[in-house]
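A quick write-up on the structure given underneath.
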Amino acid sequence: QDKPKVALVMKSLANEFFRTMEDGAKAHQKAHASQYTLIANGIKDETDTAAQIKMVEQMVAQKINALVIAPADSKALVPVVKAAIDKGILVVNIDNQLDAAALKEKNITVPFVGPDNRAGARLVGDELARTLKAGDKVGIIEGVSTTFNAQQRTLGFQDAMKAAGVTVVGVQSGQWEIDKGNTVAAGMLREHPDLKALLAGNDSMALGAVAAVKAAGKTGKVQVVGYDNIGAIKPMLADGRVLATADQFAAKQAVFGIETALTALADKTPQASMPAVIKTDVVLVTKTSK
Amino acid sequence: MADTAADAPAGAELLSLQDIGKDYAAPVLDGVSLALRPGEVLALTGENGAGKSTLSKIVCGLVVPTRGRMTLAGAPFGPGSRREAERQGVRMVMQELGLVPTLSVAENLLLDRLPQRAGWLRRGELHALATRQLEKIGMQHIDPATPVARLGIGQQQMVEIARNLQDHTRVLVLDEPTAMLTPRETAHLFEQIALLKARGVGIVYVSHRLEELQRIADRVAVLRDGRLVDVRAMAGVRESELVERMVGRAVHEHEGRPRRPAGPVLLSARGLGRAQAVRDVDLSLHAGEVMGLAGLVGSGRTELVRLLFGADPADRGEITLSGKARRFRSPMQAIRAGIGLVTEDRKSQGLLLPQSIRVNATLSDLGAVARGGWLRAGKERGIARRLVQTLRIRSRSEEQPVATLSGGNQQKVVFARWLHRECDVLLLDEPTRGVDVGARADLYAELDRMADAGKALLMVSSDLRELMAMCDRIGVMRAGRLVATFERGAWSEQSLLAAAFGDPRTSSPDP
Amino acid sequence: MTSPVSTPSQAPDATPPAASAPAAASINLRSQLGTYIGLALVLCGMVALFSSLSDYFLTVETFVTIANEIPALAVMAVGMTFVLIIAGIDLSVGSVLALSAAVTAAAIVQWKLAVPLAAALGLATGLLCGAITGAVAVAWRLPTFIVSLGMLEAVRGGAYLVTESRTQYVGDAIAGLAAPWVGGISAAFVLALAIVAVGQLLLTRTVFGRYVVGIGTNEEAMRLAGVDPRPIRVIVFAATGLLAGLAGLMQAARLEAADPNSGVGIELQVIAAVVIGGTSLMGGRGSVVNTFFGVLIIAVLEAGLAQVGASEPSKRIITGAVIVAAVIIDTLRQRRAGTA
Amino acid sequence: MTSPVSTPSQAPDATPPAASAPAAASINLRSQLGTYIGLALVLCGMVALFSSLSDYFLTVETFVTIANEIPALAVMAVGMTFVLIIAGIDLSVGSVLALSAAVTAAAIVQWKLAVPLAAALGLATGLLCGAITGAVAVAWRLPTFIVSLGMLEAVRGGAYLVTESRTQYVGDAIAGLAAPWVGGISAAFVLALAIVAVGQLLLTRTVFGRYVVGIGTNEEAMRLAGVDPRPIRVIVFAATGLLAGLAGLMQAARLEAADPNSGVGIELQVIAAVVIGGTSLMGGRGSVVNTFFGVLIIAVLEAGLAQVGASEPSKRIITGAVIVAAVIIDTLRQRRAGTA
């Protein structure tokens, strides 16, 4: 009669990405209500690591059986994850990968269920590169610089630009946010009047960049790309103000994470012998994609 | 100015000032030379803004003079801070309270030398020292651990005085120490002054209460417009002479005037009360009369006028205005109904200190200087200027910030506000505190004019002579009750005091 | 200790009794202009610096962009100026901005209301939030810091609810507010300027403004002079809420989207602008025009740093230093002139 | 005509006319206990509510977890209590926390210093930041709000610089501070309790504490009494910086890493805890023990909402409501008791 209790700990639930993740998880639980119970939690922004740690501790106090976590910080969450494992809780990592070195030092293995952000960004970058020519100038708007996936996406964009011989004139952080993305984009457009494109680490910042392009009267002359494929970006893809974005299937990530955990619980697979990485999809989204 | 040394008690000079001057925007003190001898009380008097407080502050290191020199017991003396002056035995009780309301009485008394061991307070010693200090001024009934905020303003003044009664004091400056005191406390203070005198302390005593000066001063110095116009032995000086020296004109006293004809009852209270502070007060105030309220500090006078004004809610009883029962839940309602209140504590309850005289004076009725919510600058300035002239508020212009006015002039600004807004009933709580004789006369004349115009006035004062001169009736409060009401002619200083103290021999005259 | 104050101006036309007393109007005007100068200097210094660092800074384009970026900050700062003068503080403006934008977007996109109606709804939301903050603080006599902190949390929650935590795309339905007008300047900027002007007049020339300053200086004295401070407090907070709502519309118009996360932390930026403009946090003193200078300083700084591509650490360090330096320069100048 | 004279009062002559003053000690004790009760009630109410919503809330484990989560907040709140009592505010604590942690981490990992030395360096960094805030405010007589806002930005930039905007992994070198001791309680919690106790004693029983209260109430009076407020202000801010540094170490010990983003926005949480504890933002009044109750209320709320898995919007709305409600309840209770 004791259904396993699974906790899903995410980052900012004010970010559509995680809301989609949460909705996906909840829908899955509803469909499998007889198999497990779910507690979903997030923190108030992308960076409040301390709050996320508290969250994990509260879940441990709630005597959960499994924890599925999208860590706000790849390194700082490792100690508390270890503490959870020591209490016999099964832990699965999603979205943002925990730091391999830190895991190794703690002598634990945590399976990562998620996409390759660098590869995803590369897809978007390559799509953009097709409209550019060698020597063109572009700017990158990065997410919160302390997050692994933000760093990975910047690398992926750079890989693509390098391959096409396009010059990256600057990388500035827009903190994953629309306002900050707007300010940074506006500054880059002024400083580099011949800028050809802006590559944003997520769609919120891409929205800000679109507004900056419009304010500078350069709609159509400066391309914008994003990442996440959130709802608000769709009309912009349709009318070309955004050229491309990536979909990393937030809902599925959580569901895969949960299913991985449930299977391991059912099979009594010990934490140590779980697979290291379970890749999920990331696909390019453009005007023409369905 | 020449020092009429012949009349002064013998002895070497303790403190001497030579040619002291102080300029702010304009000179406020000029060429003041004065000597203080050990064991004498030198009275310092003069109109509001004459420079008394400024001179006192110079002596005590609070203000640096622009010109002049001082010596203390023969040695050059030029304290750069109050602390330095205090180290040399020169202390001052300031006109404005300088206490910390959130700290206890004991902590305030010993603020600059809290007994400690390695930084830790020694409470036993603190309270013992404080109790001794309080005993000196007859305040031993106050628990030294009480936060000062819980004391009435008069008691706070006594604490301020007690703080400065130190053993090693050589010169003590008292700037209007009795302005907030009642006779009993004043008597305690005078006893202390006598003791200090006997110990050879030199005392500078600033006051507008000339009768007090006659009781305790050896010599009197008169300041006018920042200059010393007279220094003489107190004995044999007539008050009217002093007043003329101060003001430069004769001032009329009202003693012996007939009772004003009383009109219909304008404001009345039945069984009015609030907690323990005011109990079962019945009172009626007639058009065209001035009623006084006497009583000891803390007897509930302030509380009573605040109830009538709606500043505090009453627990019980009713108020009738012009025959209609009213219940004022805020001063705003009382003011709309035609009641005004000149508050007791001008600094915390009356004034916007950083703002100009103009802003403060028109505050009670901005409607009169506005059209459709927009202020009419010219009209406002005109009104303010007229008020400044009427009340002789000593200032550079009506734009001077109130914070830089002398104490008495600040008081006049509060009064000006209620001249600006005409009201049928005016409550006045210690309206002449710190106001000089000349200005008092101006103020009394205004009150007379208001009474003649059929307004009803209720005036709280700790100055019995003022009440006896001005009022048609005097009510006496004790422990929250209105214990007696005397008609003009039926009172004496004796009977008023007796009622205030609760002397069983007094039987109040029948209405 | 009363330190000798330097002699203020010896204006010639002395009329009234004692000493030199320049006519009030001229005092005000001169000291006002005086205050502007301090801040204007800081601003010019910044512009000069950025111009030397970037070839493209000193261009019309840069200033048009800045002009179009500041309206939201500016209108909130006008409200905050009144709030600080009344000795209050409003930490909830950022959340109110987000909620108002969210309500407007939802009204347009989900409830299919007409744009003017939707905008009115958004503004009304802001007004209501501000009125609640003011009314709760007044009713229980609570510090506005804590009430508005509570509102900061609660209203943000409301914004998430309304948008279901998703950025709402609005499209160009309300973009008119942000669209370039004459010379590229947007309607929003003109509106913000008008609000600054009205705010300043309200503060200095009306009975209401006089009451606001008085209440901030000595509330008890105002009460005893017959002015009920409570409705005035509520009005000030309600107006600030309304202006935060307007800022939300401006933001949404510019971004063509309502982001439930927008305005996080902006309250500190707004307050910084007001304080840089010389308004006292203790109440009783302040100027809307100077607040506008504060807004300009912050906007130029942000735009300049982004334009020269300063790294995140140096952006933060420079911003911090400029905030403090601007206040120091302004304070010193005012003290020298004897106005502070 | 004249009002009838009421019966001559039977006031016993022995009692003075002044407020009857019961023994001070007993007043103090009673009103102190009284204050605690209001907050304790709020706390109990919350615990009861969450226990009814979650099966596992009322367990030793939950409380041990909470105990180990609060030390950082608690020690910063102790410092902030002094800051508010002295009529200041310190918005920079979150940034100082991050920088101190960053310096400690860098000292261990990059500069290979011994752990105690590294920790001392981290604490010294906090002390220095606080001292700068205090000294700048004192030297130019600036509002601490704006100085600490500048520091909030600049120090955060410093934290990014030191860590190169990457989370520094430290490992368990300093984990000892956060490691469970007797009954699962960590050393950090015990340390925090000790600091609360020392803070309360310092405030109520030492000359320094009395000066702090005095300066917050009436700085001018203190100056006239010969107490120089400037060094005391600087010390209060320096101590707060030191405590924020300590909070940084506690955080780093828990994370086994220094995150340059940690503590963003925590200043509002710290101030909320202090104000919920009844300390006045106007200065002159406050209690460290009550602050601790404020910290507990915030921690229990956070823990409870997480355990019941409340949705993000409802979390925010409830948090906002509880902050305001706690202050209302406490204020009403105090007013009824006549202590406020």
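Lettered A, B, C and D in written order, each chain numbered from 1.
Here is the rule we go by: contacts are C-beta pairs under 8 Å (C-beta built on N, C-alpha and C of every residue); 3 or more make two chains touch, one makes a residue touch a chain.
Just so it is clear, the model here is predicted, and its values are computed rather than measured.
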> Smallest number of touch links from chain B to reach chain C?
Replying inline: 1
> So how far apart, in whole Å, are chain A and chain B when each is placed at the average of its C-alpha atoms?
Replying inline: 72
>> From the mean C-alpha coordinate of chain C to that of chain D, what's the distance rounded to whole Å?
In response: 29
> Between chain A and chain D, what is the gap in Å from one C-alpha centre to the other?
Replying inline: 35
> Where does chain B touch two or more other chains at once, residue-wise?
Replying inline: 62, 81-82
> On chain A, where are the residues touching two or more other chains?
Replying inline: 13-14, 45, 145
> Which residues belonging to chain D are in contact with no fewer than two other chains?
Replying inline: 165, 265, 312, 316
>> If I apply the definition of touch given earlier, which pairs of chains qualify?
In response: A-C, A-D, B-C, B-D, C-D
> What residues of chain C sit close enough to touch chain B in their complex?
Replying inline: 1-5, 7-8, 15-21, 24-25, 27, 205-208, 210-211, 213-214, 217-218, 220-228, 284-285
> So in the complex, which bits of chain D are touching chain A?
Replying inline: 54, 56, 59, 61-62, 65, 68-69, 72, 165-169, 171-172, 175, 251, 254-257, 259-265, 302-303, 306-307, 309, 311-312, 316
> So in the complex, which bits of chain A are touching chain D?
Replying inline: 13-14, 39-42, 44-45, 47-51, 53-55, 57-63, 73-80, 99, 101-102, 105, 144-146
> Can you list the residues on chain A that touch chain C in the complex?
Replying inline: 12-16, 19, 45, 145, 169-170, 172-173, 177-179, 182-184, 186-188, 190-191, 193, 203-204, 207-208, 210-211, 215-217, 230-236
> Which bits of chain D are touching chain C when the two form their complex?
Replying inline: 91, 136, 140-143, 145-147, 149-158, 160-161, 165, 223, 265, 268, 271-272, 275-276, 280-282, 312-321, 323-324, 327-328, 331-332
